[in-house]
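Some structures are shown below for you to check.
Okay, so subunit A shows up in both of these, paired with subunit B first and subunit C after.
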Partner chain A sequence: MSMEPTPEEIRDHRVYADFGLTDAEYELICEKLGRAPNYVEVGIFSVMWSEHCSYKNSRPVLSLLPTKGPHVLVGPGEGAGIVDIGDGQAVAFKIESHNHPSAVEPYQGAATGVGGILRDIFSMGARPVALLNSLRFGPLSDGRNRYLFERVVEGIGGYGNCVGVPTVGGEAVFDDAYSGNPLVNVMCVGLIDHDQIQKGVAGGVGNPVFYVGPATGRDGIHGATFASEELNEESEERRPAVQVGDPFMKKLVMESCLELIDSGIVVGIQDMGAAGLTCSSAEMASKAGNGMELYLDRVPCRAEGMTPYEMMLSESQERMLFVVRPEHVDRAREIFERWEVPCVEVGKVTDDGRLRLIFHGEEVGDLPVRGLVDDCPVYERAVERPGYLDMVQSAETLNDPEIAGVQELTAALKAVLADHTVASKRWIYEQFDHMVQGNTVQAPGGDAAVVEVQGTRKALAMALDGDGRHVFLDPYEGGKATVAEAARNLVCVGARPLAVTDNLNFGSPERPEIYFQLHQSVAGMAEACEVLKTPVIGGNVSLYNEHAGQAIYPTPVVGMVGLIEDRDRMIGAGFRGDGDLVAVLGATGADLGGSAFRAVLHGAVDGAPPSVDLQAEARLQDTMLRAVEAGLLSSAHDCSHGGLATTIAEKAIAGGRGANVRLKGDLRGDHHLFSETTGRIVVSAPPEAKEALEAIAADAGVPLSWVGEVGGEELTITVNDELGIESAVADLRDAYEGAIPRRMEKA
Partner chain B sequence: MFVARVQVTIKEEVLDPQGKAVEGALHSLGFEEASGVRIGKFLELTLNTDDRAVAEERLSQMCEKLLANPVIEDYEFELVEAGEAR
Partner chain C sequence: MKAAVITFPGSNCDRDCLRALEEIPGCEADSVWHADQDLAGYDLIVLPGGFSYGDYLRSGAIARFSPVMAALKREADRGVTILGICNGFQVLLEAGLLPGAMRRNQSLKFVCKPCELVVDRADSRFSSRFQEGQTLQVPVAHGEGNYYCDDETLKRLHGEGQVVFRYADNPNGSVADIAGITNETGNVLGMMPHPERATRARLGSVDGAEIFGAIFDFVSAGGKS
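Coming up: the complex of A and B.
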């Protein structure tokens, strides 16, 4: 047995401070308990009151987000949010971060991130049908960044491919701001019938509580909360904070739990994610207004001599907790025996609102459930507009010497296409199985991934978007732009956006300028969600993303899911038929602030990023959906990073055919080609659809300009009759597709 | 010249899914007495130096940087003078 400090030693030596608790929080715990907490109790309070479990820093900000809508069946607070898709069916989805684990051990960190988000989905009773990921690393010119990137991608593929859920899409960004603190956000989407929706509630006093899954080890007992040397003789070597995933076991746990839920006997079920047994038991009891008694000597353990403290705080993977009525126990056991998944009765539901821990007949912990779950202090942090904003926003982005001439502009386009953030992510998604289950109808590489709903005409579209650079330059507008772009990606495949899951990746909230970024960007997101009618149904907050005192770009990532009523109406990004006409929906202004063009050609991240006219955005998206509904379009692609030239080039590359494009306007040539004004979509349509499309756009007041036609093997773009871009599509493809593989192979 | 023999194992407290799978397979083949299966790897390499202290130092660095993943793996090695090997 390790030597655990006594309650007095914890108080006198401020052991709680090592667990991340403040003096005031410790005092509050003593007040809640009516005495000083022992070691396991203070450990439990510290994880339940951590930002990760309590959202104590972010709660005031999260309350800005709209969470309600007529189609929302389950909002924030459960494992995942759930939205109606008609016919008694619904979609469950959620995003989660595994940033810090991935920085320490990229393969397992990313793999267990996938494992965690899968549990969130199937614990709701939903069958996972798709995974997506949003990745951010430092530049690939650096060896360490290449290593992290390579191993994270392998970890996601290794786990996702084994567990039989397709990884269908996502995004990847490379920027100095993420060197040393990569971001790994994973999203899972699941399908469920309305009558199967589960909640994590420990209902029915006297009901038994079951532990499902492999044995608990000492893994995942967080390094930061782990005792320092004077508390424990054992070296830190023996107690790694890294969790190792086992996707084959996860597959069995998932299938057995789904069968259990399908049998209709579950009272409540929840996954053991962050803070493992502690968080799942306390939250389930709290949601039911009950208490719970746990007999810890019954918890299956992987290592000898594990203490209650270790069992309660372990984050060993692939474990679940569920409650059934006594008469259904045999039925439940039979299911898990058949799947060869360990299932042990470890406790019972009580009526006293306490979480009691019993170990070999002795009470080792007695805590108030409400105190753990609901009474964590909430902090309104100081807010201060960061000083850098005035400087970057006032930067002059339109006065650089003009890049002119067909050779220079074509070279500039190739440079932008080869920028790792813009370039094709084929190198990544080729390592993922995106076809398993056989329902993927739009694979990675387009605006949004599309997965059909078996046995119906319906399909689900899903997209992940974040734009740290724009949020850094203007948190409010950047927040709006992030939501608007995700929704635009969905309408580009013909899907009506339904709802949002968000992952807020920021630096330390204790720094007023970081809290400003958090507050402003969430306020911007909230406004966009309101206008675009996409409520937030759940999400995740990851703060303290800093390396060597330097915070990452403020990076809210938005995962959005949309519905395609008839999958035959779905369209893709690439040009489809020779002779089709090309049109730009939306107007182009001089928006070079924070653009890929400035970053790649001028090495500058500055200027005011494009502002977002949400009303215009809503009209644009509505027009787009009406045009798809009427079957007018051959293709559509959101115009964002790299502007019109990049968007049109991507359409040519994806479609394997060229185009003749003639742009007109009063902007300078290079600005017209690369400006990143939001609210634009480039479409192609057969000539006979021209008038009908014009009528729909005019009706909604959306600017529409016909700019050229599809055909040939070359892409040419003129601006005000001067040739700007001229290149074989094959050469553009080489720049776009080859950039990341060449960099990774060269290593 | 030294011959180095390096043994890399997953840390005791880290889950070893591969070992678990092999243990399950052993049981299903009737080897019920087998338990605690852990799987690691064995490496052998020759070091072109005659100074044992230097060889140990360099080999430790190789283990830390490449041969083992110190976050989840332990390593041990032995150094044998090339002539004595085998």
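Coming up: the complex of A and C.
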């Protein structure tokens, strides 16, 4: 400890700046303490006041989002949000990012992301029933990107497969914008009974505080700080800031904690995630309006000679903190002994609002709980409309040379299907155990994953969506589109959307044009959440996603969960019965801005992306749910990337059967096939359902056009009677299914 | 029928197996902790899938030293029906109750997908509800399911009719497409595919339920066939 700088040295040499604190923040800390902080104290303040823990840059923006609804049981602020699904049951879910760790140590970075989000869910008392992930990398033509992609997928699988929670869905996008700064967002969904909901409160002055899980090591020190800075060449040196996961220990910690919660003796429980012991102890004390004393000599340590600084800042994985009443201590110990999970009393709840650290009989830290948790300065950053927007939005996207003729158009469709962002993600999800627990009734690959609620007729649908390209081109409309698409994915399987968890992945908020992207896209999301009645019940913010001075596409990712009341009403994306009729719900306009068509065929990311008519979207989704409820539909698939041609091809591939489709309209043939107008769903239905479906659509004012019928082994699509697409479904499948495996095997 | 499902630390298909067994009318299933040392009175003992002890070494290499394993061997010797699924199969190999060993999948990647199995023997207590040559749908989910044995053992396995299930489209590189084998006396079966994940039509197949059903038939008929 003698090696640690003194408070004077910290001040004089601005050691705090290395921890990401500004001069003004340091001054404020001195004011709160009434003295200069020592090394462990300044370390603690720096992680608690990092963007990752304090949301100091994003808080003003987050306040735009609607968070309330009649079914919301727990909103933002706890480990996870919780919504009611009836009959005394509820669903808990949350998303989290592990972008920076995954950029430098992809396997462990991704694995510990899964570990962290699982803890968020079971610390609420919920049993995790599903995991999802949203991944973004640079193009797979580059070796480094392939390495990151391969190892991130292995890391997620290595962890998720072991803990016995199925990984049921997600998305993967490949774009230059994410080279050097991949995005790894993971979401967990859990089931809970209302009366089991836990909160992370250190209640009851005098109650003992317990540490559960493996010993604390020197890994992950300043992980939260690392997460809150830009990546550059020196980021490799941040490898020690990445934690190492132990899914086996996690499984034991999870089962033992769920048993502890089930026993009904827990006063408060919270996971040690970002900023480890520091954040969990301070937050638990803060939520109860109490203080806490920690006896650091008792903290199990992996290495000898660990200092209070290291213990408080370590992000060693699989650890929890809980509080029980003294008379329940024996019962708690018994549970952890049976599971062979270390459980140590490390502190007690106090009434003075201070976080005190005792080490070798000496007080080595004395901090105001409120100051740590609630008094971090909040920054309203400067906002400036980025200069690039006018340029990209005014780009002419409809004057490109027409791709015409059946051969050229069919080749164009295959090229879009083989684009890694559009192509089948089977290569990814077959590496994930998506079936364990025996409730997965829609496996990955559909619009949304569906997991049955055991013992009921209900099922939960879940989807993860982001659209960095559209948000880049128009942050506000892109934000709306992201929410609308997630909701549309849910209604396509027959689920009523309940609520949202969001992960805001952006560049540095200190740059006014980035803050503009953040602010505008969240405002757009907020409007969509209002109209679609899907409140935001929690989420995560990941800023400073930049590499070598270049920010990623602004990428809000929306995780949405919906409820299917009767699992037998669930439908899938693929064509089902020969002779079924094919219909398009929603109208098709000339929306090529930011489309897969322009990116793949013309190498351009430009134009104004489709705007979202939220009222029309709400009517469409309502119509969809009414049609499902009436049992009219055989299949439904959201029409998004790659337009109608791609959507219909995907339905043919998923269903293993062809179709004859005839499109009519004023658009140029290639534009009609590939336009990405939002608010469209392609459905199929038996002929006898035709009139009933028309009536429902007409009643809601939703455009409906019958465009063809299912059957055969070929897909043909004509536009205004001219043959556009003609291909065996098997060939389309080869393009769609083969793209990613071929690229990865070629390496 | 009275069945036991063993939970090792790190087992994660134990609940799924219990559920599959409880769905059989007339079947009673207990969860048994790996530290228990008594397995007397059970007609069926299931070693479920998962990652016992994290499988950081070789899959099943540590679980075979669990306290419950001595009792399991005793019951196996007595002829009690034992079913090892996935990690359970790996544990049975490590414990020497079945011949051969598991290697990492040929792809070196974990693989989870529906799988087509061919019934090689319909006269075992695990497959009596099927016809020889019949194809079944039962999913796999493993990283180390690449079964290996030497030529002599393979010859013996075939000669003694110990290969019960084969893959129609080998997902992991297993010798002779082997998906499930029994011991010489036919009371111990190890299989990589997960029958407990093929027990309801909504999951895509009910063929797995028929495997549990066949065991139920055998036990109900007095346990001697």
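The rule is short, and it goes like this: the second predicted complex is superposed on the first by the 728 of 747 C-alpha atoms of A that agree within 3 Å, B and C clash if a C-alpha of one lies under 4 Å from a C-alpha of the other, contacts with A are read in each partner's own complex, and residues count from 1 in each chain.
Keep in mind that, in the parts below, a residue touches a chain if its C-beta (ideal position, glycine included) is under 8 Å from a C-beta of that chain, and two chains touch if they have at least 3 such contacts.
Bear in mind that the values here come from a model prediction, so they are computed numbers and not experimental data.
After superposition on the shared chain, subunit A has more residues touched by C, the comparison being subunit B against subunit C. In the superposition on chain A, A:246 makes contact with both subunit B and subunit C. Of the two partner chains, subunit C is the only one that A:164 touches; subunit B does not reach it.
With both structures placed on the common chain, the touch criterion links A:303 to subunit B but leaves subunit C unconnected. Using the contact criterion defined above for the overlaid structures, shared-chain residue A:219 touches subunit B, although it does not reach subunit C. Contacts of A:677 after superposition on the shared chain: neither subunit B nor subunit C is touched. When the two complexes are overlaid on their common chain A, residue A:433 makes contact with subunit C while staying clear of subunit B. Once the two complexes are overlaid on chain A, the subunit A residues touched by subunit B in the first and by subunit C in the second are 246, 248-249. Put simply, subunit A touches subunit B in their complex at residues 104-105, 108, 214, 217-219, 237-240, 242-246, 248-249, 302-303, 316-317.
Within the complex, the subunit A residues that touch subunit C are 154, 157-158, 161-164, 246-249, 251-252, 339-340, 429-438, 440-441, 452, 454, 567. On subunit C, the positions that touch subunit A within their shared complex are 9-10, 12-13, 15-16, 19-20, 49-51, 53-56, 109-113, 139, 141, 143, 194, 196-197, 199, 202-203.
Contact residues of subunit B toward subunit A in the complex are 10-17, 20-21, 69, 71-72, 74.
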